[in-house]
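I've put the structures underneath this note.
Look for chain A in each of the two complexes below; its partner is chain B in the first and chain C in the second.
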Partner chain A sequence: MNNGTRRLRALTAVVTAGVLALTGCGLNEGNGSTESEGGSTASSAQATLRIGTTTDVENFNPLQSLSKTDSWILNAMYPHLLRIDENAEKVPEAATGYSYEEDGKAVVFALDERFQWTDGTPLTAEDVKFSAEAIMQYKLGNVAAKLTWVESVEVRDENTVVFHLSQPYAPFAEGVGFWMPIVPAHVFSEAGDLSTFANDADWVGAGAYVLDSMTRGQRYTLKANPNYPHAPEGGAAVGTVEYVVYPDVNTMILALRNGDIDLMGTPVPASAAASLEGADGISLETVGSLGFAHLTYNVTKGALADQAVRQALSMVVDTKSIIATILQGEGQPMVGPISPIFAQFDNTDLDAYPFDPEGARELLEKAGYSDGDGDGVLDGLSFEMVCDQSNANLTRVAEVVREDAAEAGIQINLACVERNTFLARTRGGEYEIDLSQWGVFDNPMDQLRSTYLSSNPGGINYNLVQDAELDALVNDAALTVDEKEFVGKIQAIDAYVHDQALLTPLYVENFRFAYRSDRFEGFAPSPSDLLGMVTGYSLAQVTPVD
Partner chain B sequence: MSSTSTAPAPDVPLAALAATSLSPKRPGGFFSKPSGWLSVAVLVVFVLTGVFGPMLMERPGGLGTDILQAPSGAHWFGTDDLGQDVFTQVVWGTRISLTVGVVASLIAIVIGTALGLGAAYLKWLDPFVTTITDVMLSLPLLPLMILVTALAGPSVTTLVVVIGVLSWPEVTRLIRSNGMVVAAMPYIDGARVLGAGAVRIITREILPAVMPLIVVSVLLTAARSVISEAGLSFLGMGDPSSWSWGRILLNAQRSGTIATAWWQTLFPSLAILLLVLASTIAGVRYNDSRDPRTKGM
Partner chain C sequence: MLRFVTTRVLRAILTIWIAVTITFFLLRLLPADPTLLVVEGDMTPEMQAALREQYGLDKPLLVQYALYLGELLRGNLGVSFRQLVPVSEVLLDRLPWTLLLAGSAFVLTILIGIPLGVYAAVGRGKVIDKLVQVFGITANALFVPSIAIMLLVVFGSNLGWFPIGQAIDPDTRGLAAYLSLLHHLALPLFSLVLVQLGPYALTLRTNMLEVLGEDYIKSARSRGLTPRRTIWRHALRNAMLPALTLMGLQLGTLIGGAVLTETVFAYPGVGRLIYESVRQLDYPMLQGAFVLLAITVVLANLVTDMVSMVLNPRIRTS
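And then the complex of A and B:
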C-alpha cells in the first residue's frame, strides 16, 4: 500500500513535470514563431518594424510627457493639429487648416473629419477643447506656456474649434497646433486628476500607431490604427511597430548590424557613424535639428549667480573643436540662445565668447576670485555638471569641458547619469550646470518665454532665472505685432541673454539615423531627434523591401 | 610538517607558515622557476611605467585630429574618438590602477590581519569576527561598492577606501585560520607563562609567523582591487578627472564604437589581464616556493 502510493506519487510527479515541460516548449515556440512570422512576411500588412531605444517610457500621459522615448510613442498615438514635415514646415495633421479672426484674437482650427479613435468614436472639436482645458487647468507640460492667453475654447461645430485669446499672439496657431496632443475626452474625462493619470493600459488613440502591449525594460508593441487618414491608400504597410530597449548604444548598433532591429530611434553617435556608413544593408539618413546642445547655468546656485563666472565658463568651451572632433563636423556653431535655423531672428552681430581658458582665469581673478587654499581651484568655483549618459556626444563634451575648465581654475564635477535620473534632476532643479540638448523649438518667441520667464510657464526655465529686466523684454516682444519691430526685439533678447551668459550654446547637430535599408524604405523623416524617423506619419509611409 | 597535520582547514595554504620555522634558504626558491621571475619582471615593468611613464608623456587630453585611428607606428595602441592616443592613456592609467590596487590592498590587509589575529588569539573576540566576516562575505560586493561610491561621490580616494574597506573579509578568514594554528603552539603558551600580554603575543609572536601569508594576500588582494577599480570606473563610478584603465573602457563604451574600434578596449583590458595575472602568479609562486610539499621535501 505504502509502496503503491509512493509509486503513484512519483508517476504523477513525472507526468506533471512532463506536461509542464511540454507546455513550456509550446508557449516558447508559439511566441517565437509569431515574432519570426512578423519579421519575415514583410510583404503583407503584418510587417513588424523594430526600433531600438535607449530608455523606457517614463510616462504614458501625453498631456505631461517630456522625455524622448515617451514622445516618440505618444506622438504616434495621439494626433496633433499640425505636424512638422520634412522641410520643417508645419502642415495639417488632425486639422485641415487654421485661420485668425477678430484681428488675431480668435484662432479657428478646422478639423479633419476622417480621424477616429481606435474604439470607434470620431475625433471631434470636443476632444480638442477638452485637451486644451485640461492642460490649462493642471498647467501640464510646456504646452501650458503656449496657452497662456487663451480665455476660452469654443466648439463652433463638430469639426471646428476656436481659441479666444486675450491678445493677439502670432505664433499661437503653429505653437499650439504642433505641440498640443489631442486626447480622447470620453476616456480621459473618466480618469480623474489628469496631472497624476498614469494611462498605462487599455490605450485609445487616433494616431498612426497605438500601444497594444508592453514589458517594461524590454519592449513596447504598437499596432497600426486602420483609421489613420494620412497612411497611404490601403493602410500602412507596417502593421506592428515594436520599440526594443537597449540601454547601451553599442549593443543597439550591434543589434542593427545583426538585424535584430530595423531602425535605431536614437541618433547614431558621430564617432560610430563612419563604421555604419559602409555596412551591408544599412543606410544612414541625415536630418536637421530644431534644437541645440547647450550648457545652462542654474543661477540660484552659489557663484553661478555671478555674470563673470558664467562668462568665464563660456570661455572654456571650445565649441569649434567640439564640432570638428566629437561631431565630426556634423553640426554648426551658434551664439546666443537663438538658433541659426531661425535665420531671420538670429542676431548675427553677436560675437561668440572666445575659447580662452587663461583669459577666463584673468576675468575671474579680476572679479575677485582667488585660490586661497592653493589647491589650483579658485575658491567657490566648484560646480557639478549633470548630463544624460545615453547621449554619447554630450558625455564626451562633458569631459573636454571639465578639462578646459580646470585650466581656468574652475572645477567641474561630472554627473553623467542614466536618462530618467537626469530628467528627474533637471526637473527638480538639482544641478548646477545642465549639459543637455533641446529637442524642438518651433519658434523663437515660445522658446524665450518658456526658458526665461520668471513665472516659468513651460517648466523649462532651467536657469531658474528671475530677472525682471529679462521678463520685461520677453513680455514686451510677445505683445509686438509689427514684424520688423518683433524681429528687433527678439534680437535684443538674444543679445541680452548672450551678455548675461545664461547659457553656453554648443552646437546645432545634424542627426544621423541608421536603418536596415535592405528591409524597409520610404521613411518620411522630420528634422530633430524628437521627431526624426519615428513620427507616426513617417512610420505609416514605410514599406518593406521585397 | 607537524603543523600541516594539525591544520584545522587543510585547503588553506599553510606552507608559507610552515616555512618560517624552517631555514629560509633552500633550493627551489622563488626565482627557480620561470613563473617566479617572469611575474616579478612584469610587475616591475608596470611599477616603472606607473612611476615614470607619466613623467615622460604628456597627460592625454584635449581634442585631436586623428580620430579612431587603428594602431600604427605613430599611435601604438591607436586613438580614441577624441583623437587621443590610447597608449598614453594606458600609461597614465597604470599609475591610478596601481595606486588603487596597492593602497586598497594595504587597507584590506591591515584591517583583515588585525581582525584575523585578534580572533585567532582572543577567544571572546572570535565569534564576533567570524560572524562579521561571514556576513561581509555573503554581501554582494559589486552592487555595494557601486552604491557607496555613488553616495560618496566619485574620486580616487573614495575608490581606494571603498575597495579596501570591503575587501578585508577574505584576508581575515585566511589569517584567522592560520593564526589559530600558531596560537595553539607550545611557544605561545611559553610566552604567556613568561608574562607576555595579548598585544605582545599577537604582534611579536603570531604576526611574524603569518607574515609570509600576508605577503601572498597583499598580492592577491591587489589583483582583485585592480579588477574592482576597473569595474567601478567602467560603470562610471571612477574618478572622471584621472586616467585609469576602467575609464578608457568607459570612454570606448560611451563613444559607441566598441564594436569597431577594438583597440580602444583591447589594450587596457590586456593591461588589466597582465597585471592581475602577474600578481596572482607571483603570489602563488611565493607560496609554492615556501611550501615543503611542492618543493618535494
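And then the complex of A and C:
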C-alpha cells in the first residue's frame, strides 16, 4: 500500500470515527429530546397508540396560528370551549353550553367545572379571559379575526365567562368556542411576550393528552390526562400516544402496513386507498370535509364580470364525472356555496347548473358573444386558471375543465404552479379563475363574510366582488340571533350567490383515514383533515382490540 | 505551498460569502410571501403587517441583507419564523444526522469505488469490466426517491430486514442504541452510495486505463515490480487525483441527495429540515441550513485540495 492510500484510509477512518462520536455522543440520552417536568400525566392505562404525522411540530404555542399537524397535538393538550362532532355540530368540550344576552351583544359560556390542568390547578373563567385577551393583544393567529367585535371579557364567576360585543354576531359563540384554545393563565402569564413564547418544554395542559417528551425530528410522546372529563368511565384505555414523523406519505403507508404505526394522521391519497383496502389488519374510515373544492371567478377581469359567462362556465364543469373518476367516488356534489355537511342549511331546492357545454355555448351566443375570427374560441373568452400543483386532484380537474370548456368556445389557459407562488398570486388578485380548495369553514356565516363582503375582512374574497346587495344580505344575517330566521337568511344568500355564479362548487371531498383495526377500535372521527381521527376526544375513546 | 493553502482558504471564504448572498436574495425573490402561510383565510391586513414586522420583512431588502450579514458575522443565524427558536439550535440538532449519513456515504463510496474502478480497468474487456460499466451507467441514471421507496418496499416491508424510516429507536440505550442507529442507517446509506458509486467507479476506471498506458508504468513492470505492486502503488496514486477532485465536487450532489433521502426515509437531518422549511418559507431556517451546507461542502473541497496536494508533488512544489 502506498503512502497516499494509507493517508486516505487514515483520513476516512478519522472522519467516520468523528461522525460516529458526534452522533453517538449521549445516544438517546437527552440528545435532542425534551421531557416535561410539569404536570402529572401519569396514567394507569398501558396501551400505546402510534400515529404517523408528516412533519415536526413547528410551534408549541397554541395561541399562535398553527399548522394542521401542530394542531393535531396541541388541540389534544389545550381544550376548546366547544368541539365539532361527527355531524359537524358544535358540542360542549370545556364549556357545558352558551347563551346570548343583551340582544346578542353578550355571549355567556358556562364552563365544565370538572376540567383541571395537569398540575392540579382548576380550569376557570380566568383562563378563558386570559387566552382571549392575549390573542386580541398580540393579534395571534386566525382566532384574532374571530374576536374582532369583543369589547371586553368578563369573569362573572369561576365557571362563567362573558364576552361583551360591540354588535351581535350570530355565529360568535360557535366560532370562538371551536377555534380558541384555552391556555393555563398561571403558566402563560409568566412567559412574557406571548407572540415569541415557544412553549417547547414543561407542558401543562387540560386536554385528553399532554406532551410528555419529544425527540425532535422523530417522535412526540403524549400521556393521557387522568382528569380529562370526556374520557370513558375509568379513564382512556390508550395511556400513551406517540406521533412519529414520516414526511413522505408513501413511507408512512409502508410503516402502517409494517405495524410500525397504528394510524395515519394524514388522509390516505385516493390513488393509494385501493391498495390498503382489504390489507390484513388495516381498515379505512371515511370522514367528511369542512371545506370544498371550487372554481372562483375574479369579477374584476374582463368578461368574468358578466353573469352569463360565469353561468356558462358553471355549465362546462362535469362534477359528477369528476367525483366518479378523479375522486374515485369519495366526494359529494354541491350546488351553492354552502357545503351539504351543514345539514341545517339545506339547499337542495336550488337547481344545479347542468353539465351542458352546448347549452353553455348557446347561452353565451345569446348574451352576444361570437367567434369573429373563426378560431373556435368565442371572442374575449380566454381565461387563465391558476391552481396549486401540489394538489393532484385539482390539477387533474383543471385538465378536465379545460377540455370541456373548449367545447363551449371558452379557452382556459392553465397555470398550475408551486403552492407558495399560487398563494401569492391569489392573494395579489393575479388570476382570472381560481381553482382551489377551502380547508375548514366551521360555520357558513364566517365563510360568507370572509368570501363575499366588499371590505374583504379576511383577505379571501377571491371573487373581488363589490356587491352592495350581497353586502347587505351578509351583514343582515350576521346580526340575526334567532336561529330559524338566521337559517333562512343564510339560505337566501346561498341562492343569490348560486344565481350570480360567483363560484362553481366542485365537490366536498371525503377523507379516508387508515388504521390498524387489528389493534385498535372505537375512534370518534370528526369531519376534515384538521380534526379527522386524532382529536383528543377521539383518541380518548379508543380501545385496544383484545 | 503556503501560497497554495492561503489562496485556497481565501477562495473558500469568498465562495461561502457568495453562497450566503445568493441564498439571501434568491429566497426573497421568490414569488411568495411567508406571512401568507401562517393562516389560511381570515388574515387581516393588520395581522399580515404585524407578521411582516415580526419577521423583519418590512425593512428595505438591502437593510435586511446588511442586518443579516452583521448578525451572521457575530455567529447569530437568527430565529426561525415558525418555530420561534434559534436556528443554530435546530441545526445543531439535525447536523450530526446528516454528517453521519452523508459522511458514511462519502467514505463507503471511496472504499468500494476504488477497487471497482481498479479491477474494471485491469480486467478491461472482461466480465468484471462490463459489469462495472453497466452498473455505473445504470446507477448514474437512478433517481434517489425511487430507489429509496424500492428499498423500503423490498427490504423493509416485504422482507422485514430493516425498519421503515426513522434514524434510531428512541427507547434503546447503550450498545442497543448504536446497533439501532446502524440498523436504521443501512437503507438510506445504501441508496445514497448506490447513486454515487457508479460515476465514481467509472471515473476511476477511465483514469486507471490512461495511467496504465503511461511509460513509467511499463518501466516499473520492466524493472521487475509485481503487477499488484505496480497497480496499487504506482498507477492508483496518479489515477486517484482526478477521482478525488470529483468526489469533492460530488459532495454537493451527495448533500442534495440527502435532502430527498432524508425525506423519504424520515431521517431527521438537515436535508429534511430544508424540505420542511421550503414548504413553510422559513427564511432564517433555510438561510442557516444553506450556509451550513455551503460551509460543509467548501470545507470538504478544501480538504480534498489539501489531500491532492499531499498526493501530488507537482502541486506541492509549484
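Annotations
Note that in this section the second predicted complex is superposed on the first by the 299 of 546 C-alpha atoms of A that agree within 3 Å, B and C clash if a C-alpha of one lies under 4 Å from a C-alpha of the other, contacts with A are read in each partner's own complex, and residues count from 1 in each chain.
Everything that follows uses one rule, which is that a contact is a pair of C-beta atoms (placed from the backbone, for glycine too) under 8 Å apart; a residue touches a chain by one contact, two chains touch by 3 or more.
Remember, predicted model here, so these are calculated numbers, not experimental data.
When the shared chain is aligned, chain C comes close enough to touch A:Asn59, but chain B does not.
Using the contact criterion defined above for the overlaid structures, shared-chain residue A:Trp438 touches chain C, although it does not reach chain B.
After overlaying the two complexes on the shared chain, residue contacts for A:Val545 are found with neither chain B nor chain C.
Looking at the shared chain after the overlay, A:Ile326 reaches chain B, while chain C stays out of its contact range.
Shared-chain residue A:Ser275: touches chain B; no touch with chain C. In the superposition on chain A, A:Arg257 contacts both chain B and chain C. By the touch criterion defined above, A:Leu423 lies against chain C but remains apart from chain B after alignment on the C-alpha atoms of chain A.
Touched residues of chain A were counted for both chain B and chain C, and C has more of them. In the superposed pair of complexes, A:Asp248 makes contact with chain B and with chain C alike. Note: residues 248, 250, 254, 257 of chain A belong to the chain B contact set and to the chain C contact set alike, using the contact criterion stated above. Within the complex formed with chain C, the residues of chain A that make contact are 1-2, 4-5, 7-8, 11-12, 15-16, 19-20, 22-24, 27-29, 32-33, 55-56, 58-59, 61, 65, 67, 139, 141-142, 144-146, 195-198, 200, 215-219, 244-248, 250-251, 254-255, 257-258, 260, 418-421, 423-425, 427, 438-440, 446, 450, 457-460. Put simply, chain A touches chain B in their complex at residues 248-250, 253-254, 257, 268-269, 271-272, 274-275, 318, 321-322, 324-326, 328, 389, 392, 395-396, 399-400, 402-403, 406, 413-414, 416. Those residues of chain C lying in contact with chain A across their complex are 30-33, 36-48, 50, 54, 79, 82-85, 90, 93-94, 96-97, 99-100, 103-104, 106-107, 110-111, 145, 149, 152-153, 156-157, 160, 163-168, 170-173, 177-178, 181, 232-234, 236-237, 240, 263-266, 268-269, 272-273, 275-276, 279-281, 303, 307, 310-311.
Across the complex, chain A is touched by residues 61-65, 67-68, 81-83, 153, 236, 240-241, 251, 253-261 of chain B.
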